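Below: the structure, in structure tokens.
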Amino acid sequence: MRYPKLFWHGFVVHFKELSASPFQIMTAAIWPLVFATLAYLMFRAGSGAPSLLYASLGAAVMGIWSTTATSAGGAIQRQRWLGLLELLVVAPAPFVFVLAPITVAIAGIGVYSIASTLLWGRLLFGIDVHIASPGLFALAVPATVLAVGMLGLVLASALILYRAASAFSQGLEFPVWLITGLLVPLSVLPGWVTPIAWALAPTWGMRAMRHAALGGSVLPALAMCAVLTVAYGLAAVLLLRYFEQAARRRATLSLT
Amino acid sequence: MTRAGVTTFSRIFFIGGAISFRALFSWITPWVYIPTLLITPMFQLLFFAYLGRTAHLRSDSWFVIGNAVQSASMASLFGMGFAIDGERWSQTLSSVLATPANRAALFLGRALPVLLNSMVTSLFVFVAGRLLLDFHPPLAVVPKLALVVVVACFSVTGLGMTTGAVGLRLRDVPIIANLVMAILLVFCGVNVPLDDLPRWMSAVAQVLPMTHSIGAARRLADGASIGSVDHLLLTDVAIGIAFGIVGFALLRWFEHEGRRLATLDRA
Amino acid sequence: MAAVIEAHDLRRTYKTTTGVIRRKPLSVEAVRGISFAVEQGELFGLLGPNGAGKTTTIKMLITLLLPTGGTARVLGHDVEREPREVRKRIGYVFGGDRGLYERLSALDNLRYFAELYGVSGRAQKARIAEVLELVGLTGREKERVEGYSRGMRQRLHIARGILHDPEVVFLDEPTLGVDPVGARELRATISELVRGGKTVLLTTHYMFEADTLCDRIAVIAKGLIVGEGTPAQLKRGVADGRVTEVEVFGIDEQAVDRVRALEGVTAVAVEEQDQKQLLVVQTSGERELTQVLLAELEGASVGRVSSREPTLEDAYVALVTRDE
């Protein structure tokens, strides 16, 4: 019964810890700006592009995925490097409730990039941010962070035994940007991509945020975020159970 | 150069290069190499090509060329930066700079495997473009594109020396290298036509590496002859040399300063 | 009463690889059959050189590693099959700089681990204050850990390890790299834990520490226990002999071997000390061996010669070098 409290507390602690590094914030906030700029310039130069606000929102969610891809896969690696992995594993709480707050906090750092991309768009490209349904938007953002964070949890759990975890998950940055409809609508991509996109949190988070800002039905997208959050959680539990046993057998918990 | 000098030069060039390459990359398994140097550039291309389609901007072919050259060049940029930084991290920088060995040979020797990496990357991206996008260059164009990639890599290597030198001084090569990569990605006409950039940005692009090579490559893909673009390629070479000289000078100055202030090997 | 910690023929083999391109599998037996038992309220020490298997043993006991052979129980629960039960009741503290969130304050660190280890609600605040008091960090808890000295970090580690009031505390080289004064304070804290009724298992390679702190010691070398008992028993175990120390200047291997082969000599160790070496010879029996010893050292320059009672360190050296 104390698990929700453990989760929330863990999220706050890790969000605080990650935020305490100005370097982390800068990377989270600035990297997406590069792609936001490119998107704005390309959309402006093209002859039939979606609106710049569309691009702005897309770039914002790209930032959330960016921090997740860069850090979540390597989340375990980082704890290991800090010498903390053993302490986290040896705690009596189930490991999934120890790891989930970390990956969700990582996704949470993405809010700094939401702020920076919207501000950047406003200042340099004159993009006015009008949100049609502010209440639903305020709900869509944490829903997106949670769902993407849980996807990060699946990543972290699957890669727990692999030294190259970090590099692998970083390699997922572009692919997920591409296929989850953040800037490129799913209709432009080949049909077989759509089912894959539907299984990924950023697709629905993006849809929820976009519809809340520009108009459209938000609730189905929010519902899908919730469904995926639960599904990812279950997948992570299974993965972690298997891999924790394997780690105890192969003694890779304290590799530096 | 005397015969003995040439032999020493070549030995340092090849062996020194190979050893340092292995040392730097000994921790990289194929599982890291393939994603970082091949898969990511491929997805970068797809991302921008589809973005171009979304915006109804230019053509697939246009994006393939820009991104292939850029991806290949980035291997050179980072390779150079890491060669400089890597030496520092493994505490060998001072011993390397202190040897009487020809320093140019030493650093250029590291540039060779990096160039090979770049060629492989560009090939991969071109093939990906051919198979997955609307890019069908005639066979005759292929060697010309290869030439352009070499020129662009050379040019960016020069910038890499400056980047590495500055990064060394500021004690954070990866951040500086990433920053430079971002600038090149935005300014050099990789994914945004120079004509569609604000005037000051396209002006800056003219003095950056890669810009002219990419322009040349696109014209070659459209059927132009090497002769008609050779001025672009030479301009890029010149830019590369200029940045290389600046970088080399900075390195020597920082090394001198480092000796003075004992900061060469500080992590 | 059943022992609090029991290990029966515990074994652990690591499989690693050598080489970069063509990886060859390599099997390393870190722990080769260790058995011991720790009673309630004891301060038990695992003493041994680096690489002896101390850390591997402790990690098996705290359920971080699965034994590849043998069994172990902590408070009656099997470490392999009931890890959660074990984890709830034990505390784990290790030496070194890592293991804390540097960017956060000590208080934040403790609150986080309190939450993780199930100490929540109103009890949490009181308990945190209690452990801070015990380790002597009250008043400094709001500072960021990155500003802490090594000794302070160690104390914070201990505080963290006992937050949930475990019955058994495992300490892995807790005074590693700590200055002498800090180390003494740490040892005082550790003794305090046992006085409070906890059972403590400590690994260390510091003789002095094992000698002063531990009720009983097991000496580990190369994955096996080579001696066990109270510090006094171990010292007595160095036969009934004496220890002769000879200062030599440039002694060669053959001379050392000749000394080792002498009748009555139980162990020989050579300590390098700058320009000279110290030959430490343990002898058994009443025989006066000094003259014989010096005869074997013919040819080498000899400085001071002294004779003394054996210490724990001598017992340790004897045990550890026995099979060499």
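So that you can tell them apart, the chains are marked A, B and C in the order they are listed, and the count of residues begins at 1 in each.
Operating definition for what follows: a residue touches a chain if its C-beta (ideal position, glycine included) is under 8 Å from a C-beta of that chain, and two chains touch if they have at least 3 such contacts.
Note that the structure is predicted; figures quoted are calculated from it, not measured.
**Q** Would you identify the chain whose C-alpha centroid lies closest to the centroid of all protein C-alpha atoms displayed?
**A** Chain nearest the centroid of all protein C-alpha atoms: A.
**Q** Tell me, please, which chain's centre (mean of its C-alpha atoms) is farthest from the centre of chain B?
**A** Relative to chain B, the chain whose C-alpha centre sits farthest away is C.
**Q** Centre to centre, by mean C-alpha position, how many angstrom separate chain A and chain C?
**A** The computed centroid separation for chain A versus chain C comes out at 44 Å.
**Q** How many angstrom lie between the CA centroids of chain B and chain C, rounded to a whole number?
**A** So the centre of chain B lies 52 Å away from the centre of chain C.
**Q** Could you put a whole-Å number on the gap between the CA centroids of chain A and chain B?
**A** It comes to 31 Å between the two C-alpha centres.
**Q** Touching at least two other chains at once: which residues of chain A meet that condition?
**A** Not one residue in chain A touches at least two other chains.
**Q** Taking the complex as given, what residues does chain C use to touch chain A?
**A** Residues of chain C touching chain A: 12, 14-15, 59, 62-66, 84, 87-88, 90, 92, 94, 96-104, 108, 111-113, 115-118, 120, 160, 164.
**Q** Write out the stretch or stretches of chain B touching chain A in their complex.
**A** Checking each residue of chain B against chain A gives 29, 31-32, 35-36, 39-40, 43-44, 46-48, 50-57, 178, 182, 185-186, 191-193, 196-197.
**Q** Write out the stretch or stretches of chain A touching chain C in their complex.
**A** Its residues touching chain C are 2, 5-6, 9-10, 13, 16-17, 20-21, 82-84, 86-93, 98, 245, 248-251, 253-254.
**Q** So in the complex, the part of chain A that touches chain B is made up of which residues?
**A** Those in contact with chain B are residues 31, 34, 37-39, 41-50, 162-164, 167-168, 170-171, 173-175, 177-178, 183-185, 188-189.
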